[in-house]
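Structure incoming, see below.
Per-chain numbering from 1; labels A, B, C, D and E assigned in written order.
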């Protein structure tokens, strides 16, 4: 569904805007503190109240946001503002960071590069972080959080020692680590494209270059606003984020800048490839045309001479000369050779 | 009429600048509070004073601004500054938000995409919002406010519970929702254009690409200043806007940014289409010229040979050879074949 | 004269830099307050002192700035700083607004579009505004202030009720109204250019497009710094400008932005026209070359066949076949037709 | 010598970086106050102490900075920081303004246009301005300060009445006046280039356009940072610069902006010339190719017909027709004429 | 190894990201104050504690960061934050300056131009500067610090008199001096490229231009963020940096700006070379095609005439004219000459 289905609805009405899905929506949960860590799969709605009042940090992962009612129910349990709910289910929402009373809200795109389809896969992901809980909402099964999960289940990891704000940070960090993976894959493609151009420009497909350009633009559209969002979280004076986590967010900001730098670099390279491709293919074309035209040009005057002595005038003295034919050949060859010499002197061939 | 008709007039003189219209101007009104909602069509000027002093929120919708006297009369009743009146009837006014004593003033463009004429339709719309009233001025019959009207007539909607500032917000939100509709239609056209380019570049019309470019530019010209206007309303310290509505305005600002993002994206894509179109059509042209030139080049030396033996010299020994004619064919074919082989080796064909 | 004539002179030395003129310089004056308005033509220098000490507001209009001594004399009477005098007579001075002790100083360009010569006419105009007087300096006879004069002579106009700051505003407003007139004329030309390109690109003259580009650039160079100048006047804390006039200056600022918007729009369109012109004319050229080359290519192999049977070998069995000639025609036509079919299949024709 | 010779040296080590020179270095001095003005040529180092303690303002002009030891000695006498000395002798230093304890430091480029070599001549110039002295360091004999010198020797000039800060200003003003001279010469060249392009594009040399582009870029590189430097001097709270001189510096800043404006204008024009040159020369080329190809295309089918009736088949009935030859001519001319008509209808010729 | 190997690791986990190396890691140290300077090579880890508590300034140079454990151990001894350690071993980290409790952290790229491979060599370098120590971490043997070392071993150098902050500055200065060397080598290449283009455009290789473009971009990517980093160090209120060193840092900032200026200049020049190369090579191509086409065009009508009189019609009166053959030559030559004259008049040849 597209953004326009929302036209005319009351602002704050949550409407799922994205690919139609029919899978059941699932809620996973992890509750942890320094000492224990419990993990739950497919938690029913009714148990959420209990988990919420639990000691320690709660990380709720909602998989599937097409079930708007469920998202709204979760939102009501944790006191989330309707405008936030609206943004959570609106998959076309651009990345942003916002400060609501009682919680922080962060929208990101989870980017993975699909090796088979050779295209960038973009998944809308929202994170709500309160004092003691973090709720992540993702579109579908499959994410980049496995490393976070395994760190949580290990007793000694720093993550376990710290609060919900560090969990928020860890999730964001995992997503941005995923960006590096995706960008490196795109970068490999672009660089092999570049080599192709300089080696044998025929095999390069303009559609492929155009496709990479669009991917870099799409990537940039996800990362650029994220930069502001992270900077907002780092600099906001919310008590939810502790001083130590702020330092980690600064590091994250740094990574985002690095991603943007890489993207800019690839954009420059793609622009260069396109220009060079055009120059090279026009050069090759010119080269061909030149050679062909020279062949034609050399033979046309010679053919003219042959045409002259093919005329049927009664009085054509040359035809009766003894060495007429030989002389004619000499003349023709002389014309051809002198043209070739002339072209060579002009450095045309 | 054009902007220049105002030359020489006293500043603050309201002059209608736009397409000449002759329809009668109409004023519709809705008066509502939590409990009741009354709707009036074609309210005569004399009744406005009464409606103004009514309890609850008053939304006045003036349809048609070419009757400058009527607009001025309305303005006088509500104490609107002459400069505001001037901007209301000046259809070439760019979007802006301003803070006048006693009311807020906001100029927007209502954008709809006309499917039949395949062009963007732009209507000048001004909103004046006081403490207890909102007045919208539109150019002609037909708007995007039907959803607002139906929400107003339903008792339970949030809109009914809140003040004039929320009504202002609701109207602006309806207009920006309309932007998404318009932009999606333009986007569909652009994307089908893109597919055309890569599939069979002949059928693409440069005039169409140029037309889309102009529409995206026109769209951008409407949305870009609107961004500042909304930001101004959100951040101004006017008592007319309540804290809760401010949060909704922040959301609206977000939508505007999203529209701008989409427009930038389409601009990039259009640029890419244009470049690719040029590259592809020049590639195809080159391909054609190359093949044609090769055919010519192969036959020209062969024709020369034929020309030579068409000469009428008395002494041409080859003509009397037994297999002269056969050898001649062999020579000609050899020349042709070796040229083809040479071209193929050079990877020209 | 050019700017460089000033090289080596004491800074603050007023030097007229512009087209050499010989007309006599004239000073016109209007003195007005709510009740009376007197108008003087060609006021001699000696009377200025008297006018200055007059009650009410004095508007002095100096026509002709090539008489540097006269300008300096006027300046001395009103206590104008030498640097201001220098800027007044320096016609290459860019627009700016400055705050000197006792007066405001504003440089603008008066732009009119000369329909006959089809070029933008730029006149340097400076305004000095004190508490009770406004002095405008223009290069030559003829200006856009007639409407201001007629409003001044009408007793009821707002202008008459207000101080010198409003007179300054009225003059600036008149000039910017003139911008709209000029820009609309340029815009008409550009749009007819655009239509020409898409209809029959032959008749478009690149020099015309280049000329429009230069005019838009020149226009922009006049308006862009003016924007800052007006903003400076609006925001400066000088007591010369009253709060009410500030609101009008904000409106003026708005108009300037609108002019800039229109100019940017025309610049985009001109860029688009240039690109499209190039694309279209290259398309048309390619089309022509293609058709011509195809004709040549079809006939060259046929001519080769004809050449073969024009050879004079003794033994050419085909020549003696009964239907040799007919078969030859069939072969030639077959070659031609099959080439045409092949080209058509490749969608080249 | 190049900047890299400094690699590995202690920071603050003064190293002359520029063209190797062997002329003797000279110090000229002027000491003045309202009443007297003394001028000295080739002042020996030992006398500097005396001049420094003199009443009035001292302007020291050091001609030649390749004698690093001398510059350092001067610096030590006036208490100049080693980093300043380093910048004085580093000819590749970009323009800047800095505030050191006890003096202001300003680096500029003196630009003159060499009419003979037709290139921009750039000379590194540094000015150190203390409370009672100004020291200018220039690379070689010959400068733009003659007007300053003559004003100093005239008793009534404003310069004589004022302090060292005004002398600093006067020197900077003289340099910027020189910019106008240089830029007008470049501008003349560019404009004659522009006329050439539109009149007869053959005579335009791309290398010349490229050369102008480089000069405009080099010019810009000198002026752009100067703008910041002057703004820094104007706004710094140093007691060395008096309020009155600040007003003059504002005027200077204005001139710098004007230079930048002119440069931007020329850059736009050069870009336009390049584009137009390419368009026009491609248009002309296309025009030529079209005419030539049309001639070829018209004759090729005619030649084919002639070729057919040059064949030697025994049975060619047309050869024996009475009016065969005439008919053949008619056919050939008909083919040629109809092709020409067709091309004309298509508006190709 | 690539950045993506870090995916899923705990943030702050140091992972070496760069070319795999196997050399042993070495730590060199210099301890100095005004009076003494001791130099140690290959200091074992255990001795670091002792050196740290030494009087005077300690400069530790760690050569090789692929031994992550060693780097971590050094970090622990000096109390360096895990995030800093992570950045030290992450060779893809972009330049930055950061303020950690107790020390300053600075990442730079050491750039050298490899004359043999003709490419820019980029080495990741991090500096940690505390109150009494400076630790630099470099990737491999070989650096630009030899001049710093020799200055340290000389008793009288300014460096010896000052604290750790000046040592930090000296290292950064050495690196930026290295930039000038590298940039001048690139610049030489670019300028010889430029000369090639204007002299004989054939020998220019687009791949070389592309390669220079990439190097300038890579260079810029290293210097641009460095500018911010130095500005951060200069402006931060850390007590580690003394007022005097701040003045030197300002000078360093200046150098960085100069490097950026040079890079921008080269970028402009490279753009210009590319454009000019394309224009010139297209001009030359056009020139060739024109001459060739003219030759063909002149001979085609002449050949047609010859073809006509090669026809075998029985009745061809011209064939029997006495001077038929001569007249035919005259006609053919007349056609050829008149075409040449026509072309010359049109100024095509």
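We adopt the following convention: a contact is a pair of C-beta atoms (placed from the backbone, for glycine too) under 8 Å apart; a residue touches a chain by one contact, two chains touch by 3 or more.
Computed from a predicted structure; not experimentally measured.
Two copies of one sequence, chain B and chain C, touch each other mainly through non-matching residues, since under half of the numbers at the interface are common to both.
The centroid of the Cα atoms in chain A and the matching centroid in chain E are 26 Å apart.
For the pair chain A and chain C, the distance between C-alpha centroids works out to 42 Å. For chain B, the set of residues that touch two or more other chains comprises 282, 289, 293, 296, 300, 303, 307, 310-312, 316. In the cyclic arrangement of chains, the order starting from chain A and heading towards chain E is A, E, D, C, B. Chain E meets chain A in the complex at residues 2-4, 6-12, 81, 83, 86, 92-94, 96, 98, 202, 206-207, 210, 213-214, 217, 221, 274, 277-278, 281-282, 285, 288-289, 292-293, 295-296, 299-300, 302-303, 306-307, 309-312, 316, 318-320, 322-325, 328-329, 332.
Looking at the complex, you find that chain B touches chain A at residues 144, 146-147, 151, 157-159, 169-170, 173-174, 177-178, 180-181, 184, 198, 247-248, 250-251, 254, 257-258, 261, 265, 268-269, 272, 275-276, 279-280, 282-283, 286, 289-290, 293-294, 296-297, 300-301, 303-304, 307-308, 310-316, 339, 346-348.
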